[in-house]
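What follows is a pair of complexes built around chain A, which joins chain B in one and chain C in the other.
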Partner chain A sequence: MGLLSDPYRRRALARLLLRLNTPLCALSFAAGLGWFLGLAFQPCTLRAYMSENAMGSTMVEERFAAAPRALAYARQFAGHKKAARGMPVAWLEKTMWNLGLEVYKQTFSRTLPFPDELRERYMVKGTNVYGILRAPRAASTESLVLSVPCSEGQHNNQAVGLMLALASYFRGQIYWAKDIIFLVNEHDLIGMEAWLEAYHDVNVTDVLSSGMLGRAGAIQAAISLELSSDVITSFDVAVEGLNGQLPNLDLVNLFYAFCQKSGLLCTIQGKLQRSDWDSLPAYLHSLQTMLLMVLKQGSGRPQGDHGLFLRYHIEAITVHGINSFRQHKYDMGTVGKTLEGMFRKLNNLLERLHQSYFFYLLPSLSRFVSIGVYMPAFGFLILILVLKALDLWMKLSRCDVDPAEQPCDGDPVGPVASEEPKPSLLTLVPPLLICHATGLALYSLPILGLRMATRHFPVSESEAVVLTAIAIYVAGLALPHNTHRVLTGAGSDRGWMMLKLLSLLYLAMQLGCIALVNFSLGFLLAVTLVPVAAVVQPTGPKPLQAVLLVLVTPAATLLFCIFLYQELVECPITVLEGWQQFLQAIAEGLLDHHLYGSIVFPLVALFVYPCWLLLWNVLFWK
Partner chain B sequence: MAAPLVLVLLVAVTVRAVLYRSSLAGLISERVEVASPLNAWKRVVEGLALLDLGVSPYSGDVFHETPLVIYLFHFLIDYAELVFMITDMLTAVALYLAIQDYNKVLFKKQKLLIELDKYAPDVAELIRTPMEMHYIPLKVALFYLLNPYTVMSCIAKSTCAINNTVIAFFILATIKGSAFLSAVFLALATYQSLYPLTLFAPALLYLLQRQFIPVKMKSKDFWFYTVQYAGLYLASLVVIVCLSFFLLNSWDFIPSVYGFILSVPDLTPNVGLFWYFFAEMFEHFSLFFVCVFQINVFFYTIPLAVKLKEHPIFFMFVQLAIISIFKSYPTVGDIALYMAFLPLWSHLYRFLRNIFILSCVLIVCSLLFPVLWHLWIYAGSANSNFYYAITLTFNVGQILLISDYFYAFLQREYYLTHGLYLTRKDGTEAMLVLK
Partner chain C sequence: MEQAKALLGLLLLVPALAAEPLRDSLREELLLSPLPSGDLAATFQFRTRWDSDLQREGVSHYRLFPKALGQLISKYSVRELHLSLTQGFWRTRSWGQPYLQAPAGAELWVWFQDSVADVDKAWKDLSNILSGIFCASLNFIDSTNTVTPTASFKPLGLANATDHHFLRYAVLPREVVCTENLTPWKKLLPCSSKAGLAVLLKAERLFHSSYHSQAVHIRPICRDGACLTSSWELRQTLTVVFDSFATGQGKKDWSLFKIFSRTLTEACPLASQSKIYVDISSKGQENELLEVTPAPQSVHEASVQGNRRTYAVYDLLDPGLFNVSRSLNVQLKWKRPQDSLDLAAPVLHAQRYVSGYGLQTGEISTLVYNTHPYRAFPVLLLETVPWYLRLYIHTLTIITKGKENKPSYIHYQPAQDRRRPHLLEMLIQLPANSVTKITIQFERALLKWTEYTPDPNHGFYVSPSVLSALVPSIIAMKEEDEELSPLFASLFPSSDGSSYFVRLYTEPLLVNLPTPDFSMPYNVICLTCTVVAVCYGSFYNLLTRTFHVEEPSRGGLAKRLANIIRKMRGVPPL
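Right after this comes the complex of A and B.
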């Protein structure tokens, strides 16, 4: 408190801030980036451990031995799927019924705002089939879900087979205390969303679906299984959900523990953990893994069917079975035993999974970085904005004071030079309004103007949406950015300094809020936007600054992220392919928003982009 | 002068009318920052339903408003939106008139002191001019009406708006010098939310000042006037409470309203400091700490009354802020009331030290409330500690803001009497240091 109330120290501190502003900003940026890169270094991470008592203390013995049965079911399912040219609803109902489950089906339909060209769907109609295994020892108040997406082609048949085999095995056991729901959902995420909405009797998106006739209790945890071959070499686990939400770390730990128990290889982001840690390749390996997680989380897309469960406060992961060229293969028995073990442990839960972390980054499956460790990296980046804002504020308030007086330090004692014309705060209103109007146009026009665009231009609907979005985005740069000249004759430095102060604070607030909800997105935006936002000003080399500013616009960040991602998954792409993927990513971002309520697109369009336009305004302030 | 005020009122009405029709209304009225257990509209509706059924509205544990409010809405339930808009307008107009009058008083006093040579010779730049004081009443009205906190409070139909109106009328009556009306409105405000009880001291000080009665323990006039004002206040309080009794024919409302305020049984999260503290505490300690927390609200009145004896309106402002920070169920509507007074102290701006940082803190915290609430309640990934951390920061920000204003006020007064350019004994420039 002494620092705040003692005017001498305040003055010294203020001088220090003014004089050392640029070095401090550079130092802060280096610290932020360094901290982030350091997160992947093993000694900086924590060892993953099981926090939940109910999962740690009890050992279970897995006895699942119906591997041939699983394969038989898979073949039958494949046959019926081929015959029905889609999901064999009747066969599934009959089979589940014969296994002794309570079987229900739910039909849904959804018209997409524009056709999804990647998956070739526009008007989606489908059916989810689910069977409930009632717990013999409890009153249907809690439940677990094993979900399997029914995909097109030969994909995922084995997963359905294994699920049915597990259901028949589980049916014979007496220890279940929670209902188990076996769900086969059609049209992957759309079906999943429809099912979840109907189960919880809400309507968040505009899915039309038949009501739900049968329910089990509140869902405690869910596992989504994807398996396309009779034998597997390893499992890959996906954790990132809608809007970057993550499941409780205990669920991931549980899965990893069972994989280790049965000797299965287990990867995350497709990367197998290395045994050493103190060499450079090992560090780079875990950095790659972590960067992949950051990119996937930052995209805000669900990385599997589990991603939609998280919104409903249900912990969930997706497990992909992978069949690669490794020597050692595992059959259905081992996979089934792993899942059996997980369900038995989850069955022991006394309360929802809540003990362990919800905010984490995973450089490998056995190590994690918690929120308290990674937040400082972001904090250092935000500090730059705060330092710059303080600097501007002090310069602005010094202008109020007569220059003959001592430099102002937030404790102005000198007389106010009231004769000097001051541009009022009103000059800031037109740029703010224009930028936000552009943002609003970017958010709403691509969908609203869809019909018009396809009528007048020879493009498909999906292309029309993406191209409209890009057109509006680019047009934003050319908007009349000198409205302040009309209002007052003030071409002084005060005008742009006020605008920059405002946009820096605005950016800091936005990034802070984003990073709390989705750290990766916030960090990616901060690490690109912040340094350029700090240096941009109308004086100095304008073309260079303009190029820098364009390079860090959110759209450019997206493009770079696509290339980085392709590099990290070790399949580099050409520039043209990159551009194709960029267009696709925009279309998917829009679709994700309309179909599942992902907030990344509206966030960028309505807030980050206008804020970036404000900085653009600062650059071209005359 | 009235035209800009009418314009501001029109803009405010339009904003509110638009928001009432939008989908935001439902969202806002659910926010815990806007609607507390005391003043949530949902609870008023519940109380009305019980009243219509012929049951005492206090028989459940939901309704905690006073009987007068429920009878007011018993007749006006169909025009609820209109009522809340009108109360906001009335508050703004009352504040406008009050500040206009207060500015005249202040200016006269300043003129008198200059004529009496009470000020140091070099303080010309600290003297306030009619030019800069001219727009202050309008700014006060603007700050109240277009403050997002007030707008949200009005959209959520939080009955906090009614308390604010009563307090604004009390301030108007006090500044106009009507002891009787002042006492009546103070009694009403106390009856509504109990804490305005502490506004008794500044009001009394102001009225005494207006009557040119010195505050001396030995003066007969002083005691006569104090007893008279206190008598008026208590008499109106008794009348109002008895009226409430006759309306409902039971004393149920006393424990249900005042007991509820004082013993803090409802620990729904809000922007205040009580909920987390008492949710964490062992039950058998809670009585002691409830007493400590409640005494805390009332305690500051005594030192402030001593220090700000000569400046009762500033005292009232600080007291309002303290109430809205430390009361048991604060909402942003309470904060809006004391924030409306900030333009009145715009001449202190040059002495404020942390205004930039503090306003940033308050804005950031207001934005983070919904974000962390979402993470805690909907996403389930954060927990109550996250939300409470922001509540704590928000309140610390408010406390620092008020102490900044308080210090600036004292500093200005000191400069006015001792001259702006202080010198040390050895002739170098000196600076005021608060220790």
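Right after this comes the complex of A and C.
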């Protein structure tokens, strides 16, 4: 720090910064990207370990002999589901009651802001049925949840069957210290959200639901089960929740430990772990796994029913049974044993899961990258913005201090016309306001103008919303031609430098905040936006810069991410399909925001997009 | 010779003493009642009555009354003492109204005599001694969890004045009750667990249940009908609920041997009454649904808690009972499997929960149900909330059927940090067939780091709220003589024939407070201090000062001269 108080050294440092700014920025970008890619390299990661002592090894033998019963329940459930054309509420209630559970149901209804074309739903009415196993001699202060979505068609029948069989087995045991809630939720995430809101007696999204009669205290952990076949070849675990929240790593470790114990194959992101690590294909494999996690987390979508629990500080994962063409199959007994073991370990918990990490990336199930290891990658990217901002600041302040001297010596930008009237900070207000107004329009108009759009154009409601959003987004590009005429100091070098300085700092702050909440989203935005934001200026090859800037706009990033995702899951798509998925993703993003309170769409529309527009303004300053 | 005469005199006196009415008596009783959900509740009551004035000094001869408790009463001038230790939660909705309600954990409430000068001190000493007697953590009762309710807890026994300043009430919801608490409780019984009903009290069976609650109630009662003098009554009660589903593989039949793995062979020789009551009342139309063996000696009909009940009675003191077989094993069989999804909910029941999410604020909601078809009645609600949940009393809302419900009596004592809890008492009118929702918002306080428990992430307990009400009964109840009626019906006095007293406890709550990461406080403190120490000064410097390069000046003539002189002297220049 003494370095900065010494005027000579300070001046030398400043000169160094000014001269080496571009190489430093390039170096920093390379370091950030390199660091991130290095995270998937096994020696750079840590081996996953169980931190929670209460879930450590115990001399317990898992027992679950009700596999035939599970299949019988599944068949009955399938029959009743078909007969009832939906959730067989009465049958479920009766079955759970006969198992000795306290049975409750909760009805809910929700009208979506616009029809969801993918899942074909608009006005949703449903019922959740849940049974509570009361732990003996416990005062219902804590509970665990096993939830199964009641999906349409033939999906998840086996999951319901297994859940009921587990319930009947659990009911006969005396060692439970926490109540266990067995929940069958209709309309997957909407039902789950309705149930969680009713359980916690809050109304975050506008779900209308009946009150809840049965409660079992504070929920400590939840497991959501999806299973659609009588036998499985492997288990897949989904961890990414709403807004990129993750469950405590111990819960993932618990799942992994029990899969190991019962010899089950387990995957994450559908990728099986490779045994070797020191070959290029092995590295690429773990990189793929990690990139898939980054993409899924960055999307802010819950990757399963568990994703909605995380808001309530309930650790949860979704376990997905997969039946592929692999030869070795596992029956319900093994699956039941694994779940039974997990529940017994969770039952042993004395405190909420808190010992292990909440922020991590998983290149494989047995390895993890903690927040301390992955944050530098992001730090390097943000450093570029800071360096550029410093550079601009020094150029601006030098002109302030000695306007008489040679105009801003040796900068490649060219001499700043110091004879021009100095634009005040006030001139930055109009572009800021206009950009944010556009953002606000992008956020609110698609839903507000829904009726009008469908009346005047021959499109469906869902299309209307998406197309309105795209239209507003594109219309924002025309802004600079209108805004800078209003400004008094328009056209001056000082003007754009000030605007760029402001937008760089604004971008750095935004990305920093996003990365704290959702690292993946922050990183994806940073890795695309930052280099172009650093480069952009009104001098130089304007068309090239404009193309670059359009390529890194959040919408384009989304499009690239869709293609990248499809590549990573090994089912590449054509451009047209990609475009279709892009439109769908926008609609989903809007729906996620309105149905579950996802913050990705408002964040992009209200903050990132206006900031990008500021940069666009910088480009077209002259 | 003189000695022999004296001895003779003494011998003559003995029959005279025996002819006097017994000064103490023991009645023991076991009530077995199938619950609406199909589970089985067993309630033991042992009543020791002593016609003696314990408050007077000099009582030294104890026969049936436990000396430990007797000395406690005289030393601390206790008028009434009620202690319950409970593991589990009585589920009123599926189990119906209990005879003796107790909150989860430990509950202690004591009325002191008017003569006690420093009630707080007596309370503290008393709870510490009780802690030793019952091996419970009652020593954790201090001012942060003790309250003085103004209306909810009235003396149950003989009392003239009811100045609530002599009342103290505390609940420890975290208390875990186990064998170590049962053993000292059993030791207070005159027959211990050697004979009588107490042989059934085996820990391995009692704790293999859904609910276990043991209690001690001491109170003064009228000695006779005229009520000119008082006697002391000690009731030891124990309630257990057996889960018939888990043990019986779906069958709900039971026998004494099956649930206690013991049978009865004799009454306690010291007991003046020893009876078993089995609830065989049928629900309306289908009678004779169940069958008890051996055939009961008599049938007792009573109206308990607004319902007409029929009890099969076995008197262990009746020698005819053990004529056929040497041991008594009461059995009950259901003739038809009974399954009904909808249980008839009791007239008054309640539910409490914490709503909201996040670690800053929250809301305590209490739902009170009145399912009586046409009668409204008032209920007295007592809430004790620890100080670290900062209640916002202005957010208190009471809503019944969509309309605001104004409490007719409200007593609120705000908390003082680290000194006393919040106390809220309200008298709320419950309309017929209604649900009343009472909500109050709170803010979670950040504790000092030494105030956290060793397991801070488990959460902090909020004690149950207490509902006391006179519930109107649907049938007319007739007054019974207290001495003749079964013990379970006689602890709470019923005011008249048309209503009965009910006290309900809601679930305890578990609330998470904002918790710092305790995994490495030392590292965190060191790192933070270093960063602050290193960075603060320099940044402050940079932000508040401007630095200019100053060219060194040559100085004046005087300085130059001085330097020349200094040079000659061999001293470094200025």
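The rule is short, and it goes like this: the second predicted complex is superposed on the first by the 591 of 622 C-alpha atoms of A that agree within 3 Å, B and C clash if a C-alpha of one lies under 4 Å from a C-alpha of the other, contacts with A are read in each partner's own complex, and residues count from 1 in each chain.
One rule holds in what follows: contacts are C-beta pairs under 8 Å (C-beta built on N, C-alpha and C of every residue); 3 or more make two chains touch, one makes a residue touch a chain.
Keep in mind that what you see is a predicted model, and the values were worked out from it rather than measured.
With the two complexes superposed on chain A, say which partner A:425 touches: chain B (first), chain C (second), both, or neither.
Neither partner.
With both complexes overlaid on chain A, does A:134 touch chain B (first), chain C (second), both or neither?
After superposition on chain A, A:134 lies in contact with chain C alone.
Going by the touch definition up top, name the partner, chain B or chain C, that contacts more of chain A.
After superposition, C is the partner touching more of chain A.
Is A:359 in contact with chain B, with chain C, with both, or with neither (first, second, both, neither)?
first
Tell me which partner A:576 touches in the superposition: chain B (first), chain C (second), both or neither.
A:576 contacts neither chain B nor chain C.
Given the touch rule stated above, what does A:215 touch, chain B (first), chain C (second), both, or neither?
Touch status of A:215: second partner only.
Go through the superposed model and pick first if A:245 touches only chain B, second if only chain C, both, or neither.
The first partner, chain B, only.
Thinking of the overlay built on chain A, is A:10 touched by chain B (first), by chain C (second), by both, or by neither?
In the superposition, A:10 contacts both chain B and chain C.
Is A:313 in contact with chain B, with chain C, with both, or with neither (first, second, both, neither)?
A:313: touches chain B and chain C.
Taking the contacts chain A makes with chain B in one complex and with chain C in the other, which residues are shared?
Common to the two interfaces on chain A: residues 4-8, 10, 311, 313, 354.
Across the complex, what residues on chain B touch chain A?
It comes out as residues 125, 350, 353-354, 356, 360, 363-364, 367-368, 371-372, 374-375, 378-382, 420, 431-435.
Within the complex, which stretch of chain A touches chain B?
It comes out as residues 4-8, 10, 245-246, 310-311, 313, 354, 358-359, 389-390, 393, 410-413, 415-416, 505, 509, 512-513, 516-517.
For a test of understanding, state which residues of chain C touch chain A in their complex under the given definition.
Touch list, chain C to chain A: 87-89, 91, 94, 104-105, 173, 207-212, 243, 245-246, 249-250, 339, 341, 351, 353-359, 363, 365, 455-459, 461, 507-512, 515, 519, 534-535, 537-539, 541-542, 545, 547-549.
Which residues, counting only chain A, touch chain C once they are in their complex?
So the residues of chain A in touch with chain C come to 1-2, 4-8, 10, 93-94, 97-98, 100, 102-103, 134, 136-142, 171-174, 200-202, 213, 215, 217-218, 311-313, 350-352, 354-355.
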